[in-house]
Every structure is written in C-alpha cells, then in structure tokens.
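This is the structure I have questions about; it appears just below.
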Amino acid sequence: MQPQTIWQRMLSIDRRWLYAILFVNIVVFLLSPVRLRAPISPPVQKFYDEIESLRPGDLVMISSNWSASTLAENQPQLEAVLKHLMRKGVHFTFISIEAQSRDISLRLAKRLTEEAGYEYGKQWAHFGFVPNLIVAIKGMVNDLPATIKQDVTGTPIQQLPVTKGVKSLKDYKMVIDITPSGTVPIWISYSPKEVRILYCPTSVMAAEAYTYLDSGQVKGMITGAKGAQEYEQLLGITGLGAPFANAISFSHVLIIFFILLGNFALLMQRLHERREG
Amino acid sequence: MDWFMEFLPRTPERLGIWIGVICTLAIYSLLYRENPFYRFFEHMYIGLAAGYSLGPLGVDVLYRYWVEPIWVQGYWAWAFVVPYGMYLYFIFSERYGWISRIVIGTLIGASAGLFFQEFSSRYLPQLNSTLQKPLWLSSANPDLTVSMVINNFLFVIILLSVLTYFTFSYEQRGGVKRFATLGRWFLMIGLGAIFGNTVMARMGLLIGRIYYILNDWLMIPIGGAQ
Amino acid sequence: MEAIIPHLIAQNIWQLPEANRTVYATLVVLGAFVLVLGLIPVLQALPPRGRRAIVVTVTFLAGLLFAAEFFLPVDWRAIFPKDDPTRNFLTPAIQPAQNVLQTIGALALGLGTYGLVRLHLRNVVQRRTQWGYSVVLLIAFLTMATFSIANTLAERQLLKLEGTPQRVLERGFTILFDYTLVQLDAAMFSLIAFYIFSAAYRAFRIRSIEASILMFTAMVVMIGVVPLGAYISYQLLGLPQGPAPEGAGLGTQILHSIDLPDIANWILFTLNAPAQRAIEFGVGIGGLAMAIRLWLSLERGVT
C-alpha cells in the first residue's frame, strides 16, 4: 500500500480535530479582551429610528416565537429591544406561537421589567401561547379582547390598565417579531396596514427578508446576535451582543480559511495524482 | 480557594448551572462518538419537551378557548369542539383512520381560504414596489442619484432573469437561455448570502453555549466592553 | 311564531343559566362527547364516496368562510344604510372560527405528544431493545407535564398553593425548565455549528461558476457584516467611513463605497433582495395554485 500524501491526510482528517479547532477558536476569542466596534447596518438603524419615533404610552405587540434552540441569537435581540422600549416609556404586550417561548419570554421580561421598574399589567402584559398565529391575528384585528380573552395571570385583558380600551390590533402602533421561523410573512399578510412591522430574525432568516425591507413591508431589522451588538451600540449599553459578535467574526475567518484550505488540498492532490500518472 | 467554594454547587442557583452544564456536555459527547450518556440525555430531552408542551397547550389554549367559555361563561355550544377535534386521534387506527381527515380537512380548508389574503397582502405589495422603482432621472424625483438608478436597473434585471430561470413551461433557447443562466448566477448570490448568514447563525448558537460554560459555570467574566 | 325567535334570543339560548352552571356544563360536555363520538358508527357505515363527500364538503366550507370574508366588500351601506363600513356580514364569524381553530390546533399539536408517548409505552411494555431509554423518556415526560401544567395553572390563579408546595413547584419548574430543558435544547441545536464547519471543510468545493459565485458572496457577507469587516476596511486599509461628502469627485465616492460593510450591504440590498423576491413570487404563485387545489380537494392523497 502506497503511503498517503500530506494532501490526502489533510482531506481525510478526523472530524473530531475540526470540532476541537472550532471549539478552541471560540473559547479564545470569547476570552480575548479584543472587542471590535460594529458598523451600524441600515436595517438596524431604521429599526432604532422607528422605536425612537414612538411616544410614551404607545402600545407595541411583541411576537416572541423563539425557543431555547436559538437562545444565543434571539435573547440578545429581545433584551436590547425591551431596554429601548422601556427607555422610551412605551407599553408592550407579548404573544407567543411557540410553547417554550411563552415561558422564556415571560421570565426574561419579568427580570428586565423588574430591573427597570416596569409594572406588570400597567405597562406590559403577556398574552400567553396560541398555536395558530394566522387566525389569532385575524381575530385580534376584528376583536382583540374576545380573541385573547385573558393574559397569563388569568385577568381579562379589558381589566388590565395596559390594554384598557384596546379593541383591535389597529390600536397598536407596532409589531416586533422576534423569531427563528417564518412568522413575519404572516404578520405582513394579516395585520392592519397602519401597524408598522419590525423584525428580529435569526441570521439564517435574515437574507430572505431583504425583499420586505425593500418594499417597506418590514420597516427595520436586527439580524441575530451581531445585529443585537449594533443595537446595543446605538443604545450605548453593554449586553450579550458584543462578546458574541466578536467571537462570530473570528469563527467566520476560521471557516473561510478552512474552506480555502480544503479546496487547496484537493487541488494539490489532483496535481499530485496527475504527476504520478 | 474562594473561587472554588463559589464554583461548587452549594446554592440552588449553582446547582442549576451545574445541571445545565452536565446536560450540555452530555449532548456534546455525541461529537466524540455515540454513547449511552448521550442517549440518556437525548431521551430525557425529548420527554421534557413533550411534557412541557402540555402546560401551554392545556391551560393557555384548551382552558382559555374551551373550558372557560363553557364552565365559567356557560356558552354550551363550544362543548362540541373538543369531541370533534378528537376525531384527529383516529389517525392511528387503520379502520377509522379516514375520520381524522374530516378535522384535517377543516384545518387545510381554513389555511387554503386564508391564503387569498396572504397572496394579496404579501406578494402584491412587492410587485407594486418593483413597478414603482424609477429607472431614469427626472425632475419628478429630485432626490434620485445616478447610483440609485443603476441599482434599480440591476434590481429589475436580476428579478426578471431569476424569474426566467424559474420558468419551466417551455424549452429555453438562445437569448432566453442565456438570460436564464444569468438568473441562475444571480440566484447563487442570494443563496450565498443565505449560506453566509446561516454560518453566522450556527456559530452564534455555539458561542452562546460556550459563553454559558465559561461565564456562568466557570465564572470567568466575559465583558462586552467595546 | 315571529315572537318566539326574539324571545329565545332575549333569553340567550346560547348561555347556560348561572345557577348550577358547572353541573349543566359538565352534562352538556358529556352529551357532546356521546353525540359526536356516537356519530362514528354512522360515518363508518358510509360508502367510500360518501366519506370523501363529507371530507370535501368540510374542507370547502372551512375555506369558504375565510375566502368569502376576504373577498366580499366590507362596505354594504348602499344596501344596508346602518351597516358597519369596516366589516362585512361574515366578519363576526371570524371570532368563533378562530376559537375553534385554536382549540383544534392545540389538539393537533397534542397528537404528536400522544404518538410519542404511545410509541415509548409500547417499547416498555414489549421490552423492545433499549427500552430503558423509553423509561427515561416517560419519567421525564410525566414529571415535566405535572410541573408545567401546575405552573401554568398557578400563574392563572387556578391552582392556589402556599408555603412548601408553592416553593417545590417554583424550584422544581425552574430546575426542569431553565436548567434542564432550555440547556438541552440550546446544546442540541448548537451541535449544528460543528457539523457545518466540518462540512464546509470537507464538502464545499469550488468546481463551477455557480459554486464560485456562491462562495465569493458568502465570504464577503460573512466578513462584511461582522465587526471584523469594519476593522479591516477602516483600521487596516484606512478606507473612509460613511457616505461621501456632497459634490465629491468620483474617486472619493468610490473610496467611500468599497469598504467591506458597504459592499456586503449592497450585495444584500441590491443583488440578494431581487433574487429573494423572485423566489417569493415563485412561492406565491405556487402557493396560490396549491391553496386552490387543496380547497377544492383536487389534490390527491390529502383529503
């Protein structure tokens, strides 16, 4: 048996070495004191400007549909957005079409609102879980109290100060969809035209949303953890976004290097085989 | 020494973090090879996820939309909804399986009927936005610059070429074929953007986990200072 | 005869009397179960054509409600001067329809859980290979289901606990949810990062124009949108940041727009957006055709 060339050995490297390299790369750049500033991308700037245009007491619907599987992407987004909304004195209500997200968003919001002195029922509320978003939106446009009935504490929503007098989704100024799945087309399709839609997708979903940004159906977008870092910068706060985006940057360099390395090794192996006949 | 004492699972919170890290490492053990430790936690994960869903499904939905309207408000007609929905559970039966199709038909029919609104509100505004893109400089649009016009032209050409590539109703030849090939290349740009963003998302999720191990478990402070 | 209907409506025939409501409600629900499940032998007696007719009719009517509600004009004041100009006569039906669909939707989601538990119960009962893992799954399921239901009920004040039971519920749910389920879920999905890295090295081969375009775009986006792209452009290469000043020459304008973040954003907005829009149009037209086929039960094998 012929001895393997270095290129063959490179191409057939044990995948566990690759896993270890990636793991070490992330550990190193999370621990490193280097923190690069992010350029503010236009969709994030628009997102920020839209929330800045809200007035204290305006009502916003937060559609939180993420589970722990995308925690690292959606949590920094939700934290940054909530902090901005509370800074502006804006009132908000949550709705979830993902069962797990109901409790994740409720617990996260409880922690953040307590820190900011926001009162449940008065300035914010959680409508719990609904499995069918399309009919829920249709229902909320038609008659919001009859659709939602009660919040997670079992209080009829007409009795909550935050939603007192709210009859329809039309009474909301904005919908913010924080999601890893295709829920934003549903909000675009069924919510009233006068309600502005802002979008916080995981990075996987972001490229597909540029057509909605171009048509104005979505007014602004925060893309994953790196978008959260940009938003934190705009708000002047320190959150999870900065260390995450920093490590993401260098993991990208590693991936690009390895894609090129894989192709280079293949090329060299082919040349070697050609030479050997 | 202080660090070590703090590190140990001596408080409920620390105990929770230790449990979280054991769960994470158990799942990561799959990367080395398939093993009973991983299988144990995998099954526990599925069981927990399925069990958890019963809370929101049972209380947030069934209580809110079925129990409360009947038992508290007294609207008796709702009583028929759950028995009707239970027809779904015949899906596992060979003999009665077709009965579940009645309920599935309700769900599918409703989704189909709702799609007309989606078509009108989701796709038509995009068509409208494309048709409204100015393709030449004029006094009607004083803010328009040459680069914006070029970008608009590019936008329309890419859209048309990709749509041509997607048209399979006739055999593409000559100029049309070349235009469709151009469309395929532009489509690759879209897919490349998706790939780049997908890598970013996946790295983000792993970074979140490693952050948890370093920051929460090992208590190495990871700052976000910029 | 004319007076009966208004009389019945005034009596609110749809609502049970307040006195003994729980008892009446329970009886009605039991009756409904008996009635609806009692229909099964009747349905089963139908020939195949009759069965299909029922499914087709139900599918069509469910779709018709939403389609007609959307297509019918909202403003009927030309015919009914006192009508509400923001809704048509079918709009009030959306509300009950949404309640029904949410309930059925929950039962449909519960179907998955039912199937899973059924499978693993069988594994245990029949002592199939590795049935021990099924025991783990069932114990985890039962424990979490108990805590999850109790926690949601307690939040709604439907379950009133105090002292130790309340503390056990809170702490137990926190450990099961925050420290176990959430961590397992996050860890499970983060595995993909390792696989994507390994696949990128082993399988991403630049062999055609298409693959080259895809990889080049991916690389520019991957570096351009993250902070490193800005660092390379502005700190290392010294390119000017932000838009070019008004009236600047062509050279300055070019320098202001060749930094990686700007190139990445240009790719995303100008090259990626129309490609995505073309995909959207394809999906939209396909979706519309499929919706009509499903609604009219022309799609074989579904209804």
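Going in written order, the chains are labelled A, B and C, and every chain counts its residues from 1.
By our rule, a contact is a pair of C-beta atoms (placed from the backbone, for glycine too) under 8 Å apart; a residue touches a chain by one contact, two chains touch by 3 or more.
Just so it is clear, the structure is predicted and the values come from calculations on it, not from any experiment.
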Chain whose Cα centroid lies nearest the overall Cα centroid: B
So which one's got more C-beta contacts, A-C or B-C? B-C
From the centre of chain A, which chain's CA centre is farthest? C
In whole angstrom, how far does the Cα centroid of chain A sit from the Cα centroid of chain B? 11
With centres defined as the mean C-alpha position, give me the chain A-chain C separation in Å. 16
Whole-Å separation of chain centres (CA-atom averages), chain B against chain C: 8
What are the residues of chain C that contact at least two other chains? 66, 97, 99, 101-102, 105-106, 108-109, 152, 156, 158, 177-178, 181-183, 185-186, 188-190, 193-194, 200, 215, 219, 221-222, 225-226, 268-269, 272-274, 276-277, 279-280
Which residues does chain B have that touch at least 2 chains other than itself? 31, 49, 52-53, 55-57, 60-61, 65, 110-111, 114, 117-118, 122, 126, 155, 190, 193, 196-200, 202-203, 205-206, 208-209
Please list all residues of chain A that touch 2 or more other chains. 19, 22, 36-37, 69-72, 99-100, 103, 130-131, 135, 138, 150, 152, 207-208, 211, 214, 223, 226, 248, 252, 255
Could you please specify the touching residues of chain A with respect to chain B in the complex? 16, 19, 22-23, 26-27, 30-31, 33, 35-37, 69-73, 75, 99-100, 102-103, 128-131, 134-135, 138, 149-150, 152, 185-186, 188-190, 202-208, 211-212, 214-217, 223-226, 232-233, 238-244, 247-248, 251-252, 255
Can you check the complex and tell me which residues of chain B touch chain A? 31-32, 49, 52-53, 55-57, 60-61, 64-65, 68, 110-111, 114, 117-118, 121-122, 125-126, 128-129, 155, 190, 193-194, 196-211, 214, 220, 222-226
Please output the residues of chain C touching chain A within their complex, sorted ascending. 66, 87, 91-92, 94-95, 97-99, 101-102, 105-106, 108-109, 152, 155-158, 177-178, 181-183, 185-186, 188-190, 193-194, 197-198, 200-202, 204-206, 215, 219, 221-223, 225-231, 241, 261, 265, 268-269, 272-274, 276-277, 279-280
For chain A, which residues count as touching chain C in their complex? 11, 15, 18-19, 22, 36-39, 41-42, 67-72, 99-100, 103-104, 107, 130-132, 135-136, 138-139, 142-143, 146-147, 150, 152-154, 207-208, 210-211, 213-214, 223, 226, 229, 245-246, 248-250, 252-256, 258-259, 261-263, 266
For chain B, which residues count as touching chain C in their complex? 12, 15-17, 19-21, 23-24, 27-28, 30-31, 39-63, 65-66, 69-89, 91-92, 95-96, 98-99, 101-120, 122-123, 126-127, 130, 151, 154-156, 158-159, 162-163, 166, 183-193, 195-200, 202-203, 205-206, 208-209, 212
